[in-house]
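In the two complexes below, chain A is the common chain; its partner is chain B in one and chain C in the other.
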Partner chain A sequence: MNIIEIKNLTKLYGNSIGIENVNLEVKEGEIFGFIGPNGAGKSTTIRLLMSLIHPTSGEAKLFGKDAIEYGPEVRKDIGYLPSEIFYYDKMKVKDLLNYSASFYDKDCSKKIKELSDIMELDLNRRIEDLSYGNKKKVGIVQGLLHEPKLIILDEPTGGLDPLMQQKFFNIIRDENKKGATIFFSSHILSEVQELCNRVAIIKDGSIIEVQDIKTLRENNYKKISILGNNLNKDAFNLNGITKLVQDKDELKFFYKGDINAMIKTISSIEMRDINIEEPTLEEVFMHYYE
Partner chain B sequence: MNIFKQEFDMKKKSIIIWSISLMAFMIFYMAFFPTLTQDSASVDSVMNSFPEEMLQALGVREGLSLTSLKGFFSLTFTMMQLAIAIQSANYGFSILSEEERELTADFLMSKPVSRTKIYISKLLAALLSLLITSIFIGIATFIALRLFNAGENYEISSVIKLILTLPIFQLLFLTVAMFISLLFKKIQSVLSLSMGLAIGLYVVESVREIVDNNILGYVTPFYYFEPGTILLDGTYDLKFIFIAIGIIIVSIASSYLLYNKRDIHSL
Partner chain C sequence: MNIVKREIKSNLKSMIIWSIAIALLVTIWMIEFDSFSGNPAINDFLEEMPQEMLAAMGMQDFTMGSLEGFIGTISLYLYLLLGLQAILLGSSIISKEERDKTAEYLFVLPISRRRIILGKLISALINLVTLNIVTLLSVILSTISYDKGENFYSFIVLMFVSVFIIQMIFLSIGLLVSSVNKKYKKSGNISVGILMITFLISSLINMVDSLDFLKYISPFKYFDSSYILSEMSLEPIYIIISILIIVAGIGGTFKFYIKRDLYI
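Up next is the complex of A and B:
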């Protein structure tokens, strides 16, 4: 069964395009990644699903029901974490969580306790006194306290330290094991790779590709830059090297292929410094167009 | 019910502050009246030395001398109406826009509630807040009239009639401000807008008195519920009550449509 079904969904803001003709299907039990650079239309798509904004054309169905017409009904089973977290400043954390729980016809107190223990969230503090990361934790707890069947996360990890990020990912994996479907937007490739089964790539308001995460892993580019005197561009004639540029005493290129072959080549030359890193998403996209 | 309660809780402090200051205003202002009557002849002569237009602009009318209880009280009550208009417009401009400005709308609207329910809950919470303020003003009015009437008689029935216009007056400013707030993408300064609307319409009423053009009065609620007229005649002008209710209904309905269709943008 498809939990999310988006058909030809378009949202225009005046003359500028939010998203255009987006088609997407997310199956029950998936952890689905939604990845793209900032401004690509990730949030627009998610806000359409939550009926915070209204589509120009096309439709979105959640649990087989129209997201706008049956909005209040389908949202009973959705937990949503927006990318920017803002709550009623004057409230205490526990009052906000109880207010959040009051929208659902079930007792959420146990889940609130469980989640806030894991996330080390102090329930007695006022929202306005919280740091950005702590507000994010409040967001996570309020989004999950009713044990939703569909969890929609819009760039959830910003502001969380690596340790918390891991705890958060563990919670998400647990919820998924219990049967929840996860829809996860991000502009960071590595976190999507870590968590998701399938991933959709969006750019300039259109879906470029929907891929299995394994396929994406195989496209594992490295971005390498080498600093040194008397560097010779011609030493790098391996298969899998692209975009090789020499700028005085610096060599830069992307590499996809056997990493041992690369290390051998690198070790044969004299250099001052080396930097091997994951390409940014934009750089990965550049490869998609080639 | 939970949204209504939350909305009302957030208004509590504001209700207390408005009620106390308006009660204090009414009582202190009326406390001047006995002193004024002690030397009514000289006050009247001072007042007569002002140009007529200026007196009209202040709302002092023929047959309602400042040294009479009705005259002084109706001037006080007009000031009170101005303050109430600011409060009502303030609630109207803020209740629907504040969640978008403070970006809490994402939280509220992703819950399993319809916009209709949010809208009605917010409207009712604001209405209750204003009614509570009205009740306190009513109480203050009777205390002030009882303590500082300087021996003059007043008709309790007219005063009650005047106080009963307050909820309609409040609803009018509340719903019109709500409607206006939905015409904008983002409301930045609620306070200046509410002062602008209330004082602006008050000025229209002053201008109406000076140029003596009653058609202008249709534009401003301050004319519909003029305290002097209600106190002197002891009746309402039903025509204006109907116009007011008509505007309220249209504002509520069109705000509802706009709010349901509204796109809630993020940062």
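Up next is the complex of A and C:
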């Protein structure tokens, strides 16, 4: 069964395009990544799903029901973590969580306790006194306290330190094991790679490609730069090298292919320094961007 | 129900401040009246004032010497103040979610926008009624020691029914303005603008007879206290117009806000 089904969804803001003809299907139990640079239309798509804004044309279905018409009903089973968290400043964390819980027809107190223990959240503080990262923690607890069947995350890790980020990912994995479907939007490739089964790549409002994460891994580019005195560009004639540039005593290129072959080539030359790193998202998807 | 409670709580402080301010103001006015009433010089002074100037302040038809006359004079200011509170409340109760960026929290909860507006509307009504009763009580309490005409209490009750209708008119205008407008700053300005312009129109009508036809667009002219005092009733035509405005404002709020994109 498709938990999310988006058909030809378009949102225009006046003359500018929010998203255009987006088609997506997310199956039950998936952890689905939604990746693209800032301003590509990720948040617009998610806000359409949450019926915060209305589509210009096309439709979005959640659990097989129209996202706008059955909004309140489908939202019972959705947990949403927006990229920026804003709550009523004067409220205490526990009051806010209880207020949120009061909209669901079930007892959420156990789950609130469990989640806030994991996230080390102080329930007695006021929202206005919380740091950005702590607000994010409140957002995580609030988004998951009703044990939703679909969890929608919009750039969820900003403001979390690496330790909390891992705890958060573990929670998400647990919820997924218990049957929840995850829709994970991000502009950071590594976190999507860590968590997701499939990804959709969005750019300038359109979906460019939907890929298995395995395929994406195989497409794993390395960004290599070598420093040395007598570097010879021609030594690097391996398959899979792209964008080879020589700048005085520095060689830079991207490599996709057998890493052993690359290491052999590198070891045969004299150099001062080497740097092998993960390319940024833009660089990985550069063939889409050209 | 949880929304009603939450809204009342979040507006409680401002409601208490308004209540205290209005109660104080009424008390000060009555102390002022106390110094007028026994003093024939005040009436002489008022008679010498240019008629237009009195008209601008809504004081043309009253002798300041009688209690009813005095309360009739201050009624315009009660309309203005409580109208201001109502239109600000109406406009902010809708637009604050976008202003404070809490819209992305509230409107993804499993509850329809219709129910959210309904909850906010109910809490606003409770707010208006409370302020109305506080004002009514302060008038009654601060006049308790005065000699009153036989119709005093019917006059006061009719006047506060008028105040309530005016509150409702401006509440629904405020609601409508902010539900149509995506920019919350603009909503507040437009709301206060509407209130000031209609008040200005009512002052102009008092001064310039030929502008009398404008009385239908200024709620401040709907329930003139001199009419209430002489007829002991409210003019039916204005009750009908008021109901039309209120229904259109609240109906429009439901219609437009439900379909509108939220500003996030």
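Convention: the second predicted complex is superposed on the first by the 287 of 290 C-alpha atoms of A that agree within 3 Å, B and C clash if a C-alpha of one lies under 4 Å from a C-alpha of the other, contacts with A are read in each partner's own complex, and residues count from 1 in each chain.
The rule we apply is simple: contacts are C-beta pairs under 8 Å (C-beta built on N, C-alpha and C of every residue); 3 or more make two chains touch, one makes a residue touch a chain.
On a predicted model such as this, the values are computed, not experimentally measured, just so you know.
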Fit or clash between chain C and chain B when superposed on chain A: clash
Partner chain in contact with A:134 - chain B first, chain C second, else both or neither: neither
Touched partner set for A:45, first chain B, second chain C, both or neither: neither
First (chain B), second (chain C), both or neither touched by A:186: neither
Chain B versus chain C as contact partner of A:157, first or second or both or neither: neither
Common interface positions of chain A, toward chain B and toward chain C: 47, 50-54, 71-73, 75-76, 78, 80, 82, 84, 86-90, 99-100, 102-104, 142
Touch list for chain A against partner chain B, complex: 43, 47, 50-54, 71-73, 75-76, 78, 80, 82-84, 86-90, 99-100, 102-104, 142
In the complex, chain A residues that touch chain C: 47, 50-54, 71-73, 75-76, 78, 80, 82, 84, 86-90, 99-100, 102-104, 142
Interfacial residue positions of chain C with respect to chain A in the complex: 2, 6, 10, 100-105, 107-112, 115, 259, 261-262, 264
Interfacial residue positions of chain B with respect to chain A in the complex: 2, 6, 10, 102-107, 109-114, 117, 261, 263-267
